[in-house]
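Consider the two complexes below, in which chain A is the common component and chain B and chain C are the respective partners.
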Partner chain A sequence: MTSVAIEQASVSVPRSRLRLTSRWVPFLFLLPVAAELIIFRYIPTFSAFYHSLTNWDGRKKDAFIGFKNFTDLFNDNVFRDAFVNMAKYTSLRTIAVLLFAFIAAELIFSIRNERVRMFWKIAFVIPLVVPRSVIYLMWAFIYDPQVGLINEALNLIGLGAWQQPWLGQSSTALGALAFIGFPFVSSLAFLIFVASLEGLPRDIIETAQLEGCSIWKRIWNVDLPMLRGGIVFVAVLLILEGLQTTEPQLILTRGGPGTSTELPAYYLYRTAFDYGKFGQACAVGVVMLGVGLIFTAISMWLRYRSAYDVD
Partner chain B sequence: MSTEFRALKRYAVPQQFALLILAALTWYPFLFLLATSVKSPNQFFENYWWFTFPFDWANYAQVWPKVSVAILNSAQYSFGTLVIVLILSLLGGYTFGRMKFPGKNVAFLCVVALLMIPGVLTLVPLFVEVKALKLLGTPWALILPFAGFEIVIGIYIMRLFFERLPGELFQAARIEGANEVQLLLFVALPLALPGLGTVAILDLLFTWNELLWPLITVGDATKMPVAVAALGFKGEHQVDYGALFAAYVSVSIPLMVIFVAVVRKFIKGIEGI
Partner chain C sequence: MRLSILAKGLTMGLLGLTALTGAAYAQTTVKIYMGQLYAPDSDPRSKETMDAIIADYEKLHPDTKIEPVPWLGGDQSTYFAWLSTRYAAGDEPDIGWSHYYTRNAEADRWTALNEYLDGPNDYIPTGQPGHDKWNDEFFDNVKAQIRAPDGNWYQVNTNWVETGLFINNDLMKANGIDTNWASWTDFIKSCKDLKAKGIQPLGVFATPGWSTDQWLDTLLISAAFADQIPSWHLPAYENPFMKDRQLTPEEMAKATHDGKFSTTDPRFDTFLDLTKEVTDNCLVEGFAGITSLDQIMNLFFNDKVAMAWLGTWNAPTVRDTAKFSVTTTYFPPFTNENSKYLTQPTIYRVGGPSSSGQFGISSGAADRGTLDASVDFLKFLTAPAQAQRIAGYDEGNLPVIKGVEPAEVAKGFSAISQLPERGITDAVSRYNGEQYGTPHNRLLQSFMLGEISRDEMKTQYQALLDKAVADQCEANSWDWCNQ
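Up next is the complex of A and B:
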C-alpha cells in the first residue's frame, strides 16, 4: 500500500497531496466534537456504570461491592415510593400535555387564514422562554394556601370550603405538581403537532371533506394515525423529562410532605449531595437509564409496527 | 381552496373562542405576575386580581442590584456556551451532512445515542470530573458541560439542514478550487445561518433554564445564574410579593426580548426538524 502511494505521489504531487489532506479533513473537523463529547458525556457515563458497583463517596478510594447498591435501593421504602410516584407523575403529565397540545394544535389547524394561525402560534409560544424556575415559583404562589390564585378564585365563586393547602398535604401534592404549567399549550409538543398537521397531504384532507367525513371522524381516522410519528416522538421526550424531574422538588416540596412527592432523580441528588453516597447515586442513575430505555423501546415499537406512516 | 376548508370554516368561531380560553389560561398567571410587580403592598390588598394605577416602580428599583448581577452571570454563561455549541454544531453538522468518510454512520450513531443518556445518570461523575479538572469556581464548570449536552441536538439539526441543501452549491465551489476549510467558512457557514439560529434559541432556552447543575457547581452566591438566583429572592422577600414578582419579571425579560424578535424564524425552524 505505502509503496503504491509513494509511486503515485511521485507522478503527480499536488493531486495526491490534495487527496491525502481531504481524506483527513472529516476527522479533523470532528476532532473538537469528539473531544467535547468524550470528556463531558462518555467518560461520565462509563464512570457512572462502573461506580454504581462500588461504595464510592468521592473522597476515599472506592471498593467493588457488586450489586449491593441496587439491592439496597429496592429495599429502601423511600426509593420505592419515589418509583411509584414517578410512574404516576410521568404518566399523568405526559397524557395531559399530549392531550392539551393536540387539542390546541387541531384548533389552530382548523383556521384557514395563515396569518391568524401564526398569531395563535406566537401567542402560545412566547411564554416558553420564561425561565422554568420562575414558572415553578409562580405556581408556588398559585398554590399558596393564604393568598394563592386558586384558593382566592375558589373563594370568589363561593367555594371557599374547597380551599386546600395544595402542596402542603400528601393527598394533593403530587397531583398539584403534575398540574403545573396548565393548560400545557406553551410547549415544544404543541409546536411539533401544529407543524405535523400543517404538513399533512392536502389531498387526503380534501378527500375526507368531499366524502362527507365529519371533523371528529377525520381527526380520529386521518390526523391521529398520520401524526403517530410526531406523537410518539413527543411522548418519548416528555417521558424522559418526567423521569429526570428534580426542579419542583428543589423549588417547592423537597419531596414532601412525607415521601408524597419524592421522585427518583431528586432521590439521586440527595443521596449524592446530602448523604455523600456517590456509588449509590450512580446506581439510581443506572436504574433510571434502564426505565428510559424500556419506555423508548416501547414507543419505537408503537411507532413502527404499522404502515400508516407517511414520513 | 374553497372545498378543502368549507366544512372547517363553520367551526371557526367556536374554535377561536376555545383558543381564546386556552390563551387566557396560559397568559393570566404571567399578567398577574406583571400586575403585582408594579403594586405597592397596599395596592396588592386593594385589588388582588388586576393592574392598579398608578404603577409603583419602587419594587424594580429595589431588586435591580441583585437581578442585574444574576442576568450578567447568565449572559456570560450563555454566551460562552453559545459560541462553543454553534462552532461544534456547524463542524459536526457539516461533516456528517456533506462529507463522505469511512465510519460515518457509526460515528453519527455515537453522537445521537447520547440523546438517550439522561443528565441525572452522569450528574455525580461529571461533578467529580469537573472538580478534578479544577474547573469549579470558573465559568467553564458550566459552559463545557452545558455544551456537551446541547451539541448533540445541535449536530442533529445541522446535519438535517446541510443534507437538504442542494449539492451543486458545494460542487461549484470545489471546481473553483476552494479547499475544505474555505468551503466550510465561505459556502457552508453563510447558508447555515437559519439552522444555527434554531440551534442558538434551543441552546439559550436550555442554558437559562438549567437549575440543578449550577446549584451543585457554583458555590458563590454572587456567581449564580438567573434560574438559581430566582430562588434566593423568595427567601429574601418572603411575603413582599411586589418585590418578589418584580425580580421574577426582570430575570424573564432579556430572553423574552430576544425571542420576540426571532419567534417567527424559530417556529419555522422547528417545523423543519
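Up next is the complex of A and C:
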C-alpha cells in the first residue's frame, strides 16, 4: 500500500523538476564545506596576497608599500637561513619517516597470523593519540644534557665522551629536531603503508612467491612500485609539514642556537606576533605558499610520471 | 472591564520591559585580563581575592560589570599572540596586562593615561598620596622607567620584580666552596672550583627569545660601558628621583648614532671578554638548549646546578620545593680587574617593572564606550586597600604603591633592590622592540658557544645597531636623526 503511494507520488512529480532537484542536491550538501573553505581558507589566502604589499600592523596601519616586505625578507639572513634549514629538516625527516615507516609496515605485513598482526598495528598506532606538544616535551627530557635519556644511555654503555647538549649547539640542534618521534612507526605514514600493502592484490604476491622471488626482490619490484602513490602522498604531507613547523621551535629551541633551528613558519609567527609586522608576515606566507606549491607540483609529477596505475 | 484590565496590564508590562531593557543597555561591561593575578585553575587564591574585589566594585557601581578573563597559561608569547589576534578582531580586553616596553613599542594599541593620572583618585582616602593626584600613589622611579619615549604613560604599575642568586648551601658546603665573594673575580673562581669537582655552577639559559642571559648581558654591558653611560643621558629624560637609571630607547639610539656605542669601541671588547669568561666558567652545560626558567628550577631542585639566577616571583616555589638549605643573595661587584672603565666597584641590580601588575587600557575602549568605566576600575584596583589584598597572594612581586607592604617571602629582596640600577636595559627593550632584541640574542648565543668568531660577531652586531637606529629614526623622527 505504502509503496504504491510512493510510486504514485513520484510519478506525479514533473520530470524536469526531479532532474533539477537531483542536480542541485549535491551542491546543497557541499555548501557548508564550501562556505567554510571560502571564509577560512580562500579569503585569508587572497587577503594575505594583498596585505603582503602593505605595512599592516594587525590593527590600524595598512598602507601600500609595494614589494618592500619581500625585498626586506630576502635581505634578511635569518629568513634565508630559515629556508636552508627547512630544506635540511624536511629532507632528513622525509627520508627518515618514509624509511622507518615503510620498514615497520613491511614487518607488520609479513606477519601471517591475523591476530598478532592486528595487535602490532594497534600497538604502533596507539601513541598517535598523544598530543604533539606532549611529545615535544618528552623529547626535551630525552635530549636534556644533564638528565636526558640519550646522554644517560651513552654514559651507561661507556660512551660518555659522546654526550652532547643536543639542542644546545648549532651542529646537532636541527638534526635533533628532525629525529623527534624516532623511530616514526607511530605515524600517518605507517598507517598509509600498512593499508596500501594490505590492499595489494594477493595473486601478484603469491605469483611472486611461486616464481621464487626473494622478499627483497618482491619489496623492490612489487611493493615499492605499487606503493608509489602512497609514498608520494606521504612525502607531500611531510614537505608541507616541514614548511609549517612551529611547535618544536616554540617548545624546544626558539629558533636557536643562533639561527640553526629557525624555520619559515616560526619566522612568520614571530614576525606577526612578536614584532607586530603582520604585513611582512603575510609576505612570508606568500613565499611559503609558492614554495609549497612548487614542491607539491614536483611530487605530483614524480607520482604520475610513467606510473603503472596511470594511463 | 476585562479588556481595560488587560490593556493596563499590557501597558505596565511593556513599560516594565522597556525600563529593564534600558537598564540592561545602560550597563557597561569592562573586560579585564590580569595575567597571573587572575588564574582560577592554578591559583585559587587569586580567583577568590579578585572575585571579591570585583564584587566590591560592582556593589559600588551596579551599572558596571567587570568580566575577568582567566590567565591563559603558557609562556608570554602565547599571550601576546592571543592579544594580537584579539586586537585584529577588535575584541581585546579593555584593561590588559603587558610589559611596559612592549606596550610603549605598540603605543597605538593603548590609551595614554596622563590626563587621568593627573586627576584625583577618590578610592584613596583623603590625605593619602594619590587622593588628589592619582599618579602620586606610585613610586617615582617606577613611573620614570615605564614612561614611553613619547612622554606618555600607557600603563600603571602596581608592583615590581627583583632577581637574586639562589644558592644550594648544602651542595656548596659539602664541596668546600665559600660564597662570601668580595668581587666578581672571586665568583668566577668559585665557578671554576665547582666545575673542577664536576658540578655545574650557574643555572642561566640563553635563547633567541627572552632568557635569563639577557639579565647577565645587561650586567656585563653596563659594567663595560660604565664610564660612558651617564654622558649619553638626554635632558628630556632626566629625573630627579633616579640617580641611576636605564637609558631610554632614544638615548641608546642617539649614542649608537653618534658612534659612542659601537663595536669598534674597546669597551665592546671588554663586554665580549666578560661574556666569554662567565660563559666558559659558570654557565650550565647546554644553556643554549634550555628555553624556560622552569627547566632551570628543575636543575636547581635536583642538585644539578649549585646556583640559579631566579626572580622574586620564583621565591615562593623555591621556599615550598627545595629540599636543601637555600640562601638568596646577589653577585659580588665588578672591579677594575674586570672592567677598567668602572669608576668604582659596582654590581647592578636586575629588576624592574616587568612584573605581574602592569595594566593599561586598550585604545579600542574609547570606541566601545568603556574608557571611563575602565579608568574608574583601574583607580579602584590600584588603590592601596585593593593592592594590599592582591599583594597578600601575589607573594613574588614587590608592591610599588605607597602604603602597601610586600609579602614575607619577598622581603629578602629588599637589600638587592637598593643596589644601583643598570645603565643599559634588556636587549628586548633596548631599542624599543623585540625585532632588535631577538637578533642580539642570536648573535650573543652564537658567540658564547664559540660558533662565530669575535670579528664576525662584531661585524654583524654593528649592522644590527645601524638598522635599529635607522628604524627608530624613521618611526620617531627625532631631531638629532639628520645631524
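By definition in this document, the second predicted complex is superposed on the first by the 272 of 311 C-alpha atoms of A that agree within 3 Å, B and C clash if a C-alpha of one lies under 4 Å from a C-alpha of the other, contacts with A are read in each partner's own complex, and residues count from 1 in each chain.
Convention: a contact is a pair of C-beta atoms (placed from the backbone, for glycine too) under 8 Å apart; a residue touches a chain by one contact, two chains touch by 3 or more.
Please read these numbers as outputs of a predicted model, since none were measured by experiment.
A.B. asks: Put the two structures on top of each other at chain A: do chain B and chain C fit, or clash?
C.D. replies: Here chain B and chain C cannot both sit on chain A without a clash.
A.B. asks: What is the contact status of A:Lys121 with respect to chain B (first) and chain C (second): first, second, both, or neither?
C.D. replies: Touch partner of A:Lys121: chain B, not chain C.
A.B. asks: If you stack the two complexes on chain A, which partner ends up touching A:Gly229: first (chain B), second (chain C), both, or neither?
C.D. replies: Neither partner.
A.B. asks: After lining up the shared chain so the two structures overlap, which partner does A:Tyr269 touch, if you call chain B first and chain C second: first, second, both or neither?
C.D. replies: In the superposed model, A:Tyr269 contacts both chain B and chain C.
A.B. asks: Name the contact category of A:Pro183: first (chain B only), second (chain C only), both, or neither.
C.D. replies: first
A.B. asks: In the overlay, work out which of chain B or chain C sits against more residues of chain A.
C.D. replies: Of chain B and chain C, B contacts more residues of chain A.
A.B. asks: For A:Gly175, select first, second, both or neither according to whether it touches chain B, chain C, the two together, or no partner.
C.D. replies: neither
A.B. asks: So in the superposed three-chain picture, is A:Gly292 touching just chain B, just chain C, both, or none of them (first/second/both/neither)?
C.D. replies: In the superposed model, A:Gly292 contacts chain B only, not chain C.
A.B. asks: For A:Val33 in the superposed arrangement: first (chain B), second (chain C), both or neither?
C.D. replies: In the superposition, A:Val33 contacts chain B only.
A.B. asks: Of the partners chain B and chain C, which touch A:Ile251 in the superposed model: first, second, both, neither?
C.D. replies: In the superposition, A:Ile251 touches chain B and chain C alike.
A.B. asks: Once the complexes are superposed, what residues of chain A are shared between the chain B interface and the chain C interface?
C.D. replies: Shared contact residues on chain A (touching chain B in one complex, chain C in the other): 58, 140, 147, 250-251, 269, 272-273, 278.
A.B. asks: Can you check the complex and tell me which residues of chain A touch chain B?
C.D. replies: So the residues of chain A in touch with chain B come to 21-23, 25-27, 29-30, 32-33, 36-37, 39-45, 47-48, 51, 58, 100, 103-104, 107-108, 110-112, 118, 120-134, 137-142, 147, 149, 152, 182-183, 185-186, 188, 191-192, 195, 198-199, 202, 205-206, 209-210, 215, 240, 243-244, 246-247, 250-251, 265, 268-269, 272-273, 278, 281-282, 284-286, 288-289, 292-293, 296.
A.B. asks: Sort out for me which residues of chain B touch chain A in the complex.
C.D. replies: 3-9, 11-12, 15-16, 18-19, 22-23, 25-27, 29-30, 32-33, 48-49, 84, 87-88, 91-92, 94-95, 99, 101, 104, 107, 110-111, 114, 116-129, 144-145, 147-149, 151-152, 155, 179-180, 184, 205, 208-209, 211-212, 215-216, 226-228, 230-231, 234, 239, 241, 248, 251-252, 255-256, 259-260, 263-264, 266-267, 270-271, 273
A.B. asks: Mind listing the chain C positions that touch chain A in their complex?
C.D. replies: Residue list for chain C touching chain A: 77, 80-81, 84, 87-88, 105-106, 108-109, 200, 206-209, 284-291, 295, 299, 302, 304, 433-435, 438-439, 441-443, 445-446, 449, 451-452.
A.B. asks: Please output the residues of chain A touching chain C within their complex, sorted ascending.
C.D. replies: Contact set of chain A toward chain C: 57-61, 78, 140, 143-147, 165-170, 173, 250-259, 269-270, 272-278.
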